[in-house]
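Please see the structure below; I have some questions.
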Amino acid sequence: MGDTGIRTGKAPKSEWGPDDEHGATNRITPESRASIMARIDGHRVYDLSVDYFVGMPSFQAAGDPAYQIWMSHTPRGTVVDNLNGVGDQINRACGYSGDVILMYTHTGTHIDALNHFAYGRETYNGFDADAHLGSRSWERAGSEQILPLIARGILIDIAAHKGVEVLAPSYGITAEDLEECLAAQGTVIRPGDIVLVRTGRMQYWPDGSRVFGDSPGLTVEAAAWITDHKVVAVGADNEAVERTPSFDDENWLPGHCHFLIDHGVPQMECVFLEDLSRDKVYEFAFIGAPIRLRGATGSPIRPLAFPLAE
Amino acid sequence: MGDTGIRTGKAPKSEWGPDDEHGATNRITPESRASIMARIDGHRVYDLSVDYFVGMPSFQAAGDPAYQIWMSHTPRGTVVDNLNGVGDQINRACGYSGDVILMYTHTGTHIDALNHFAYGRETYNGFDADAHLGSRSWERAGSEQILPLIARGILIDIAAHKGVEVLAPSYGITAEDLEECLAAQGTVIRPGDIVLVRTGRMQYWPDGSRVFGDSPGLTVEAAAWITDHKVVAVGADNEAVERTPSFDDENWLPGHCHFLIDHGVPQMECVFLEDLSRDKVYEFAFIGAPIRLRGATGSPIRPLAFPLAE
Amino acid sequence: MGDTGIRTGKAPKSEWGPDDEHGATNRITPESRASIMARIDGHRVYDLSVDYFVGMPSFQAAGDPAYQIWMSHTPRGTVVDNLNGVGDQINRACGYSGDVILMYTHTGTHIDALNHFAYGRETYNGFDADAHLGSRSWERAGSEQILPLIARGILIDIAAHKGVEVLAPSYGITAEDLEECLAAQGTVIRPGDIVLVRTGRMQYWPDGSRVFGDSPGLTVEAAAWITDHKVVAVGADNEAVERTPSFDDENWLPGHCHFLIDHGVPQMECVFLEDLSRDKVYEFAFIGAPIRLRGATGSPIRPLAFPLAE
Amino acid sequence: MGDTGIRTGKAPKSEWGPDDEHGATNRITPESRASIMARIDGHRVYDLSVDYFVGMPSFQAAGDPAYQIWMSHTPRGTVVDNLNGVGDQINRACGYSGDVILMYTHTGTHIDALNHFAYGRETYNGFDADAHLGSRSWERAGSEQILPLIARGILIDIAAHKGVEVLAPSYGITAEDLEECLAAQGTVIRPGDIVLVRTGRMQYWPDGSRVFGDSPGLTVEAAAWITDHKVVAVGADNEAVERTPSFDDENWLPGHCHFLIDHGVPQMECVFLEDLSRDKVYEFAFIGAPIRLRGATGSPIRPLAFPLAE
C-alpha cells in the first residue's frame, strides 16, 4: 500500500531489462522478420481495419468522446474568411479543404499500449505514474514504443470452429477451445507470432448494439495459454480481447492486466477478421504499426495480412 | 464561373472512371504487389514516420490547432472519480489510463487525400463540394479511399546528390535535378512506383523553425515529370512536397493541385528519410496505409521501407 | 430556388436596417434598462443556469460531441513534465492546475444566436451563408451580437397554472394557455420584456431521459403571440422552447425559424426556472449576457433574475 | 514533504469553514447586494469582456490549445449529409447551423477559480489533489463554486494616474501606487468590494504581441494590501493580475497563490477596462457570473459594470 492506499509493488519487472518499454515486441528479430517476409505471396492482401466516422460506435460509458471530425477549411468558407491569407482571387480558383479529428485513443481498430493498465500506479515494467505520468500523457511505454509489428500471424477462428455465426454473449474462450480450434485448422503457434482470435462480433460492425457489450472473449486462463507461447502481440474482433464483463471480483479487466502489465504483450481490439475467416487464411504475414502517439495508452492501427506462398 | 464566382469546370475526369475515388492507387495490382513483395529482404526495415507530441511543430498559420493529447483516465484520478463505475477497491488495485487526441489531419508524417484541394469547388474527378461536402467531412475521395500503398519505392536523394546538408530555402527542384540524381544513384522510375524526394529538411525535426517555412521542394515541372512516370504516390521530407511559397500568381499550391486533382496522386509530407539516405537505400518495398478517416482530407500514416534482396 | 435547389429569398429583412445583427435586442434602450434596474430589490437573486460536467445530457443525435473537460496541467503531472518550464523545485512547491473544455455551443443553459437557423441559406436579415459563412464560423449575427440582456423578465409558469408537475410529452402550449396563465398570475407582457416559459422539464435535470425528448413547448401560434408583444428575447426550461417533434411537415423546428429568422428574437434553452416557480416570482429584472463567441450559433449564458421591490 | 517530495501542509484552512469552496465570494450578503443594486443608474452599462475568435491571442507556452471553433452543421452541408435525419426537402428549406468550441479555460476575459493553484498538492482550504482531483477535473473549488459576483466595483486606474498610455513592461504596482491612485480618484475600498486594476495593456487587444508578455501588474505586497481590505474578487486588464515574470525565486506566480490559496479571492484576467477609464467611472455596480464549468480551474465570464446614480 502506498500513502493513499493505492496498491503498488505488484507489477513485475520486465524480462527485457529495467528500462525496457517495448515489451514483447522485442521478440521481433531481423531473422524472424526475414523469415516471414520471405514467405509472402503478395497477390492478395487483407485489410484488418475499419473506417473512422461520425456516429461510429465506441466506448463512451466512462465519459470519453465519440469520434469527431470537423472541417477547418472548406472551398466556399475560405472564399469568405481567407484564413490562409492568399486572397479572394486565388481562393476562388483554388479550393482549400482541411479537417480536424478528435478521438479517444481506444476507438476503431486500435492497439492498447503497455501503459493502458496498471497495478495501483505501476504499469508495465513497474513504471510508476507518480514518476512518469505527466499532465498530458505517460512518459513511458506509450504507443510509440510498440515496435513495428512484422511477424507471422495466426488466426484462431473460434466462431467458425464451433459452427456459430457469433459466440454467445460473455462466452469465455478457454485454452481448450484454442487448442481444439488450432488442431482443427492445422495451425501451430510458435514463439514470436501474433495471434488473432475471432469471435464473430465484428461482422456486425458498425452496429454498435451488436458489436459491443457482454462480449465473448478470452478467459484469463486462455490469455495465459497464449502468453505461454511467447507471442509478440494479440488481437481480437471484439471490444476487449478478453470476455466482458469481468468474472474477477478484484479486477475489472484482468485480461488487459495479464497481457499488458504481466507480459508486455500489446493487444489489438476491433480487428476486422471477416475476410480472413471467409477465405480460411489461418497463417499469414502480419504487418502493422500504430501511429506514433508519444506516451499514448492506445493508437489507431491499420494492420495488413499477407497470405503465404505454398 | 458558378453563381458566386467560384471557378469550376477545370477538374479533369479520372481515367479510372466517373465514380473513381482511388486515383493513382488503382495502379497497384496483384501482380505489382507480388513482384515487389517477392524481392524483400526482411532483415532490415525503416520507419519513415515521426512521433506526435504536445509541442510538435505543425501548420497553424491558417488557424488549425496544434496537436493535443489529454488524459481522460488516470490511476489516481479514477480512484477519485470512479468514472468507470467499478468502485474504489478495484480502482485502487487496477489503475486505468486513457487519453484523447486532437489534431489537424495534416500534422506529422501524413498523407494528403485527393479531396484536399479543388479547382473552385471541384476536387479530384470533378466531385463538387456542393454535392459531396457534408457539414463534417467530404463524402468523396477521402483518406479511406487511398488503397494500401504496397509498391516499389524509390528515394531520390537530391540533397545528397548535390552534396549539401539541406537544399536552399525555396529551392525549386527541377526535372533535370531528378534525372541527374537518379542517374547518379543508378535508379530508374517505373510505372506503379512510389517516389520519395529528399530535401534534407526533416533532419532538423522537431525543430519547427528549421523544418518549416520557405521550403525547398518540387517545381510544377518536376511534379509533371513524376506524374508522367505513372506513379502511385509521391512523398517528401518537407511540408508540402512542392516548394513554398508558390511561384504561381494564380495558385498558392500548384503542386498539390497537379498531383491531387489533375493526376489523382496522393502525396505524403514530413516523411522521415534520414535513415534511408544514410544507408543509401534508393530502391525498396514501400508498405504504408493511412488510418481510414472517412472523408478526411489527410491522415496520419506510418510507412515502412524494406530493402530488397540482392 | 438557387443553383442547387436550396430555397432562398424568404428570410425577411430586419426592421432595424439591412446591416443589423442585434435583432430584437435592439429594443433594449437606456430608458428601459434604467426603468427595470431602478426597481430591483437586491436582497435575493436567482441563478437560472446549471452546471457543465462530463456526463451531462445534451443533444447528440446529429453527431455533436458530449461536453468534455480535460486537465492540461495537474500538480503531480507538472512535476513530471515541467510543461511550464519553471523547473522541478518550483513545481513541487507550487502546484499548477489547468483544463480544456470542448462543447457543442447548444449545451447546458444556453442561448441560440440569430444565425442558428436559415431559410435555405438565408439567416436573420437575409444574410446568406455563401457570402457570410466562413470555414470556421458565421461572420454575421453570431452570439457576440446579442446585446447584454437587461430587461424586465416575465415567468409564465404553465405547469404550475395547469396544476401539473410537468406538461405532457409534446404538449403544444397555445396562445390561450399563455393568456390564461398570465391572467391567473396577474402579470402582463410589455414591449421590451424577456419572456420565460416553464414546462416543468428542468426539475429533472440532469436526468436526460426525463429532460429531453418529445418535449412540451410552444406552438408556432403561441410563438407568434409572444413576438406580437415585441419582446427582446424568449426562453424556456426545455430543449427547444417550442414543442418537439415538429408538427410542421415542411420544417423540423418552425419555432426556431419564427423567433430567430422572422423576428430576430434570440431564444434560451435549458433555463432553470424551478426556484422562481417555487417562490412565485413572475416579474423580475433579467440580467444575462452570453459569452461572446464570435460568429457562434449559440453560447453558454448564466442569467440572473432579481425580484423587484414592492 | 509528502512521499514524492511534493510540498504540502502550507495551504491555510479557510475562515469560512473546513468544507468551504466559495472563498471570499462568501462576503457577498443579501444586504451588500441590495445596497449596491439600489444605487444603480441603468442608463449606461459597460461590457468588460472581449470576443472569442480563431486567432485570438492566448497563453500557449505550456502547450494549451488556441481557441477553436468548428461548424458541426451548415446549411449546405446538412443537405449533403442529413445528419439531423429530417431529409432532403426539409434541409433545403430549413438551413441548420451549429458549432463546437474548444478552449483552455484561461482564455479571453476569464476568472481563475480557487483550485487553479496549489501549494504542492493542496489548493484553497487545503483540498488535496490526491483526494479531490479526478481524471477529468477537480471535484472541489471549481469555477461553479464562485458565487455570482454582485458587488460594489472599484476601478484603480494606475496607468491614467501615472499619465502613461500603458505601464512599463514588468512594472510592479505597489501598495503606494494603489493608495495614491485611489486618493487622486477620490475613491475608497471597502470590505466586500470587487477591485479592478488597470495597466493599459488591454487597449492593444487583440494584438497579442502587445497585450501579453512581461506584464505590468501587482506586486505581492500590493496584492496583500488588497486582500487586507477583505475584497470579494480582484481583476485586471492583463494576463496574470500580478506582474510577470515572477520576482520570487521559489514561486512562479506568487500573486496567484496569494489571492487564490491564501485568501480565497478569485481573480479575473484580460478584463476590458478601456471604456470605464475613458469615462472615469471609478465606482460602479459589478455584475458578473462565470459559466458554471464544474470543477474547472477557470471559466469565461462576461462582467457588466453599471454606473451609480448621483
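Order as written gives the chain letters A, B, C and D; numbering starts at 1 within each chain.
We adopt the following convention: a residue touches a chain if its C-beta (ideal position, glycine included) is under 8 Å from a C-beta of that chain, and two chains touch if they have at least 3 such contacts.
These numbers come from a predicted model, not from an experiment.
Student: Going by the touch criterion stated earlier, list every chain that contacts subunit A and also contacts subunit B.
Tutor: In this structure, the chains that contact subunit B and also subunit A are C, D.
Student: List every chain that touches both subunit B and subunit C.
Tutor: A, D
Student: Would you kindly state whether over half or under half of the residue numbers at the subunit A/subunit C interface are used by both copies, giving same or different?
Tutor: Over half shared, hence same.
Student: Using Cα averages as centroids, what's the distance between subunit A and subunit D in whole Å?
Tutor: 43
Student: I'd like the Å distance between the centres of subunit C and subunit D, where a centre is the mean of that chain's Cα atoms.
Tutor: Those two chain centres are 24 Å apart.
Student: Indicate the residues of subunit D shared as contacts by at least two other chains.
Tutor: In subunit D, residues 4, 54, 63, 65, 68, 70-74, 76, 83, 100, 102, 130-131, 133, 135-136 touch at least two other chains, as defined above.
Student: Under the touch definition given earlier, write down the residues of subunit A that touch subunit C in their complex.
Tutor: 54-55, 60, 63, 65-66, 68, 71-74, 76-78, 80-81, 83, 102, 130-136, 139
Student: Please give the residue numbers of subunit B that touch subunit C in the complex, ascending.
Tutor: Listed in rising order, the residues are 2-4, 54, 63, 68, 70-72, 76, 83, 100, 130-131, 136.
Student: Applying the document's contact rule, which stretches of subunit A touch subunit B when the two form their complex?
Tutor: Residue list for subunit A touching subunit B: 4-7, 30-31, 33-38, 40-45, 47, 49-54, 61-65, 69-76, 79, 83-86, 89-90, 92-106, 108, 115-123, 129, 133, 135-138, 144, 148, 150, 250-253, 257, 287, 289-298, 300, 302, 304, 306.
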